[in-house]
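Got some structures for you, see below.
Each of the two complexes below includes chain A, the first together with chain B, the second together with chain C.
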Partner chain A sequence: MSLKETFDKKRVAGRLLGSPILLVIIAMAVLSAAFVPNFATLYNLKNLLLQTCDLLIISLGVTFTVLNGGLDFSSTSVLALSSVVGAYIMALSPLKGTGLSILLAIVVMVAIGAAVGAINGFSVVKLKMPSFIVTLSTQLFFSGMAIYFTSKVTDKASIMGLPSAFYRIGGEKAFFLPIVIAAAVFLVSHWLMTRTIFGRHVLLVGTNPKSCHISGINVKRVVFLLFLLSGIYAGAASVVLTARNQAGISSLGDKMFIDIMSSIIIGGTSIFGGSGGAKHTLYGVIFITMLSNVMNLLGMDWYVLSLVKGFIVIIAALADILSNRRKNYAAAAA
Partner chain B sequence: MKKMKKLLAVMLALALMAGLAACGGSPAPAPAASTGDAAAPAASAAPAEEPAKALKIGVSLDTIDSDFWVSTIDNMNEAAAAAGAEVVQRLCEGDANKQNQQIEDLIAQGCDAILCGARDGGAIVAAVKKCNEAGVPIIMVSRAVMGDEALPSLQVLVDNISLASGSVEWVAQKAQEEGKKYKAVLLVGSLGDQNALERQQGHKEALEKYPDCFEIVAEIPTDWKVDQAYAGLQNAFEKDPDINLIITPSDAMLTTIQSVLEPLGKWVPASDPNHVRIVTFDGDSTFAKMMEEGYVDCGAVNDTRFMGAESMNWAIKLANGEKPAELNALDPGIVATLDNWSDVKGDIWGYVAYSSK
Partner chain C sequence: MSSQPLLQLDNIHKSFYGAEVLHGVNLDLCPGEVLGLVGENGAGKSTLMSILGGVYGFDSGTMRLGGEVYTPATPNDATRAGIAFIRQEFSLFSNLTVAENLFVDRFPRRGLSVDNKKMEERAQVYIDLFRLDISPRTRVESLPMGVRQIVEISKALEKDAKIIIFDEPTTSLSPKEKEELFEVIGGLKARGVSIIYISHILEDVMRLCDRTTVLRDGNSVGTFQNSALDKREIIRLMVGREMNQVYPTIEKEIGEPIYEVREFVRSGSRSPVSLEIRSGEIVGMFGLMGAGRTELLSSLFGAEPSEGGEILVRGKALTRPTPTRCIREGIAYVTENRRQEGLIMPKTIEENVTMVVLDRMTGALGVVDRSREKRTALDLVKKLTVKTSDPQRQFVKNLSGGNQQKVVIAKWVASEPKVFFMDEPTRGVDVGAKYEIYTYINELAREGCGVLLVSSEMEEVMGICDRILVMYRDRIVADIPKAAFDQERIIQYALEGGISDAG
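And then the complex of A and B:
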């Protein structure tokens, strides 16, 4: 597609109307720039960008499981466990302070995510357990493990003294780095979901797993890979967040799951599976982050933000349910 | 469906615009409770000058689910009102990452100083660095920054370790007088909270210092959750019905302790031979009531008036360019026991609240 075609008025209008949340984001940005004090300052916009990156990577991972009609509660426990283990390697292990410790920590943090994802995938596919139950159980188990591990390696509440070079991944002295990382993760996710056979299979399996099985798609392999990917993304998100917070935190991401699911649902990915994707999650993350930022700048009480988020998630979920019902009626009528 | 989508988009946009219009602008400044009369003559003496811009003080806290924090915040607001400063409050509800983001937002909002009750003393270092880079003074309240990678402008702290060990030392003294050995259960707060870890350290140091007086039969991590404390205590008494000392790091657990002891017939005043000694920390109104009635034996007490007023007053001074002489301003606290209760209770914030009801 040429540039002229990309920016053709009709195509742009179609894209805007096809993603209602995009219209809302644009309206919110314009109104906030005009009426919210300190919104349009360089400092605040920089924070907004970094906070968006914080939420985006992990939300993209969970999107894979939601596309399949499932859930991954354990993603936040991976954040915590990876954070403390990685911090231990960098700050307390025999390798502490070296460049090798940073490299090893990153690999181990992502590997922990992969391991948790594999456990979830195996339980769902082979043991045929509902993803809700499996990931809730692993969330409790690995959250507890994070706290237990921290209590055994230090008498402090978190693990500090990480190499300062590691902080660059979180944006210290290299503001662009987390943005580049998040952008790369988004592009890979978008490519996977829209340009690969795997991505097609993800949507098809989310829509109708039985038909896919009959058609010869390896449904079990697809589902397993979804949970594996979700775990890997959570491990990667932990690297960025640990660098941002400059400490291994045993409670990292404790309350983040609400924002993750809010972003996915508001972005337009269906909780019934079969529709949505990386682009939708990106819009949802931008919306949620901007909403939090604007309401903080307006000095609104913290519980008001919860009320507003909850209200908007209900509206978005309602739209999804109505859309799904319409599809079912259409399928039944055909 | 396209029409539905468009309609929802318009509704969302309208809702947002209405919300922004209704809530837009800065919050009203804190009322100047005691400066009204003094301000009037000063204003009439210099009518041509523009009024000084009210300072904006950000307050970033973990949670306000305990009387300690409610009382501390009340004292902060009182001090802010007296100085005519505006207060912007944020709660992170147990999320250290969110607290760092909220502090970034407070800096972006133009706060002249920030008071911080950190969720995690290690994770808050990143936020302290940002404040230092932005030239915004940050004062830690009750919870210190860990390490020396980044130092705040001031820390207003409780000496948790000394107070906790002091309270157990009093029980050791009683044990020696009685010729008795206590079987102790130690409740522990959240392992992610530096205050909880320091209180645990103080309690344990004193318990281990007197092996002839104490035997630790159970150590129960509660994560500051009363249901975990309840289950842990029940199991401990199930295993060893002779437990006669319970040490808790917070008054928030006192009603839970009562719930466990009452069915066992052990919720009795100190004069009763079946009494289980209780040692606690904070000094809220529940503690005061139970001390008055003799159910609780000893408590380490923070001074929330010192915490709240001292930290807010220093926030205002720092915003105006003053510098403190020391990094830490320590609240010495009080160890209140059944022996000295009548002498010290008037200085305890929880007793003041309890006795005014």
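And then the complex of A and C:
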């Protein structure tokens, strides 16, 4: 698609109408700017943008597993474990405070994600366990491990005193850095899902693995890679979040999973697998983050926010289920 | 039998998605009668029984039960009207006891709890009636097949069944169990229960039934007193159709063997199979439902596991087949079930057509060459005359059966195969598309492809194949060249695994 086509008026209009969530986001932004006090301030918008980036990276990873009709609970435990191990390397290990420690920490944090992802992938593909059970177990196990690790290396609740250069990744004195990272992760994900053979296989395998197997697609490899990627993304998200919080925290992201799944479902990636993608998750993440932000500014209690989110997610899931049912009927009648 | 029929089906018509499968079927069943129902695969037996059982509706005609109009809307209506089915696969819950199974859909209650005592008393009545040596508390999973079937029959009687329909009841029974079943059926008859007995084993039908109704291609050929029939006569009635469809012919050359299988054993079968296909040859594989044709094809392609054997593709050994390896060696596999296995229904024509060869159109970093993909899809859609305005936008689920099947063939043609497995490639396809598919299969053969075509339509295999293999219980029992094609011979191999002269 050429640039000219991309910005063609009709196409833009069609795309807006084709994804109602975009319209909702725009409407919400305009209304909030007009009526919600302190919404359109530089401070708030900056905050909003940073929160969007954090949620986006990790949600994109989980999106891969949802595209296969599964999910990945364990991503939040990767946030925590990577955070405390990375912080340990930078603040408490013999290398502490050096540039090398930062580099090593980042590599290890992402590698932890890859390892957890590989365990999940192996269990789903080779042991044929449902991803729900596998990732629920790994979530429990690795978040427990994060707390245990923290208790062994420090007597405080979190690991502080990281090198200040590391904080830049979180946005300190370099506001654009996390945004650039999130944008890069998004673009790579979008490219991966829409342009490459891997992405195409993901959508096909997520719809009908049996047919894919007979057509010579290595279904097991695809599914394994999805979980591996989800883990790697969670590791990367942990790097950004740990830098933002300027500490290794063993409870990092423990309330995030609901927002991750809400974003993915509201964005329109089907919980049955096979349709959706990075762009959908981007919209969902913007929506959820903005909703939380606006309700916060309006001074609403957290339980009201929870009520509203719950309601919206069930509506989005219902829409998905109904359209899937229609699809199946159409298929059965064809 | 002169008494008023208990069940009367008159001129029943039924279509699926525009294709008529029953063209006015008649059947009548008298009280206390055992009526045989025979016909080839696809003759309409199952459809007719599903209509009787309230699974499908029917388009026109009348059904009368005990003189009153009978139009079951659900299987429950059929049960309430006193019609019960005993199928090949039992509907029992193997983890429950005999007594529980008899009452599983309406447990007797005593207060808030289930009345176990009453269930067991009732179960004991049937155990005594059929002289079984079991307790009402025996779990069904520990019972042999024959006894399970009697439990199933007891369940029907407990629901006051007046008509019991047996659909291939002897498939999983030992010879001794079969004798016992026939005794039970005799007993049912004596109690005034009417029975419809569906089977491919004509000897059994001859022996057990009073009359036999023959179906052929969705028509009832007639109902005959068994005393006036012999087996040959039934076979003649089952297959005695005119070859009325025109099959395209083509000049082609049959060359060297390109696909050879020696002593191949699929998992779950103990019979080794050998076969060969030559280039340019269309080999038909005929057999009854359950003869093991689909399973053989599927394991030859590696989609299902196999135990061993030798496969040579163009002289080169193919050990431990997997779909990926088979595709690399130039084998294609059009599966029987296009909705679940052949296609990805909610995706576009283009996505479906290119899925087998997508890895051949990718450049650096695994990026798909979209323009090449689009070109390939357009070419194939044109080549196979798939009716669509836009292969990039139209979803496969919105295509007709014939066009869907063309998409399945197109996706395999894309991989330029040398050996083509096709399992029921024209099932659920309209006549026009059928002809086009036959023409295309011929075209493939002319270009040197070897085709192995599984079909349950006798006319089809006789019409387009150069040779017919007949399968019977996982074995290939006949290899018949075109010059020796003969409907009665082929069906006899398929029914009995051999030719016997006894009538």
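Definition applied: the second predicted complex is superposed on the first by the 330 of 334 C-alpha atoms of A that agree within 3 Å, B and C clash if a C-alpha of one lies under 4 Å from a C-alpha of the other, contacts with A are read in each partner's own complex, and residues count from 1 in each chain.
Keep this in mind: a residue touches a chain if its C-beta (ideal position, glycine included) is under 8 Å from a C-beta of that chain, and two chains touch if they have at least 3 such contacts.
A quick note: this is a predicted structure, and the numbers were derived from the prediction, not measured.
Enquirer: Touching A:L49, do we find chain B (first), chain C (second), both, or neither?
Expert: Neither partner.
Enquirer: Is chain A touched at more residues by chain B or by chain C?
Expert: Greater contact footprint in residues on chain A: B.
Enquirer: Thinking of the overlay built on chain A, is A:A115 touched by chain B (first), by chain C (second), by both, or by neither?
Expert: Once the two structures are laid over each other on A, A:A115 reaches no partner at all.
Enquirer: Considering only the touch criterion stated at the top, classify A:L92 as touching first (chain B), second (chain C), both, or neither.
Expert: neither
Enquirer: Answer with first, second, both or neither: which of chain B and chain C does A:A29 touch in the superposed model?
Expert: Neither partner.
Enquirer: Under the stated touch criterion, which partner chain does A:I197 make contact with: chain B (first), chain C (second), both, or neither?
Expert: second
Enquirer: In the superposed arrangement, does A:V107 touch chain B (first), chain C (second), both or neither?
Expert: neither
Enquirer: Please indicate which partner A:A319 is in contact with in the superposed arrangement: first for chain B, second for chain C, both, or neither.
Expert: Touch partner of A:A319: chain B, not chain C.
Enquirer: Once chain A of both complexes is superposed, is A:G253 in touch with chain B (first), chain C (second), both, or neither?
Expert: After superposition on chain A, A:G253 lies in contact with chain B alone.
Enquirer: Tell me the contact category for A:V153 with respect to chain B and chain C: first, second, both or neither.
Expert: neither
Enquirer: How about chain C: which of its residues touch chain A in the complex?
Expert: Those residues of chain C that touch chain A are 17, 301, 303, 323-324, 326-328, 333, 335, 339-347, 351, 355-356, 358-359, 362, 365-368, 397-401, 404, 411.
Enquirer: Hey, which residues of chain A end up touching chain C in the complex?
Expert: Residue positions touching the partner: 195-198, 200-201, 203-204, 207-208, 210-218, 274-275, 327, 330-334.
Enquirer: Within the complex, which stretch of chain B touches chain A?
Expert: Where chain B meets chain A, its residues are 1-2, 4-6, 8-9, 11-13, 15-17, 19-21, 23-27, 88-91, 93-98, 100-102, 104-110, 119-123, 125-126, 129, 134, 146-147, 149, 191-194, 197, 201.
Enquirer: Which residues of chain A touch chain B in the complex?
Expert: Counting only chain A, the residues touching chain B are 17-18, 20-21, 23-24, 27-28, 31-32, 35-38, 41, 43-44, 47, 51, 54, 147, 150-151, 155-161, 170, 172, 241, 244-256, 292-302, 304, 308, 311-312, 315, 319, 322-323, 326.
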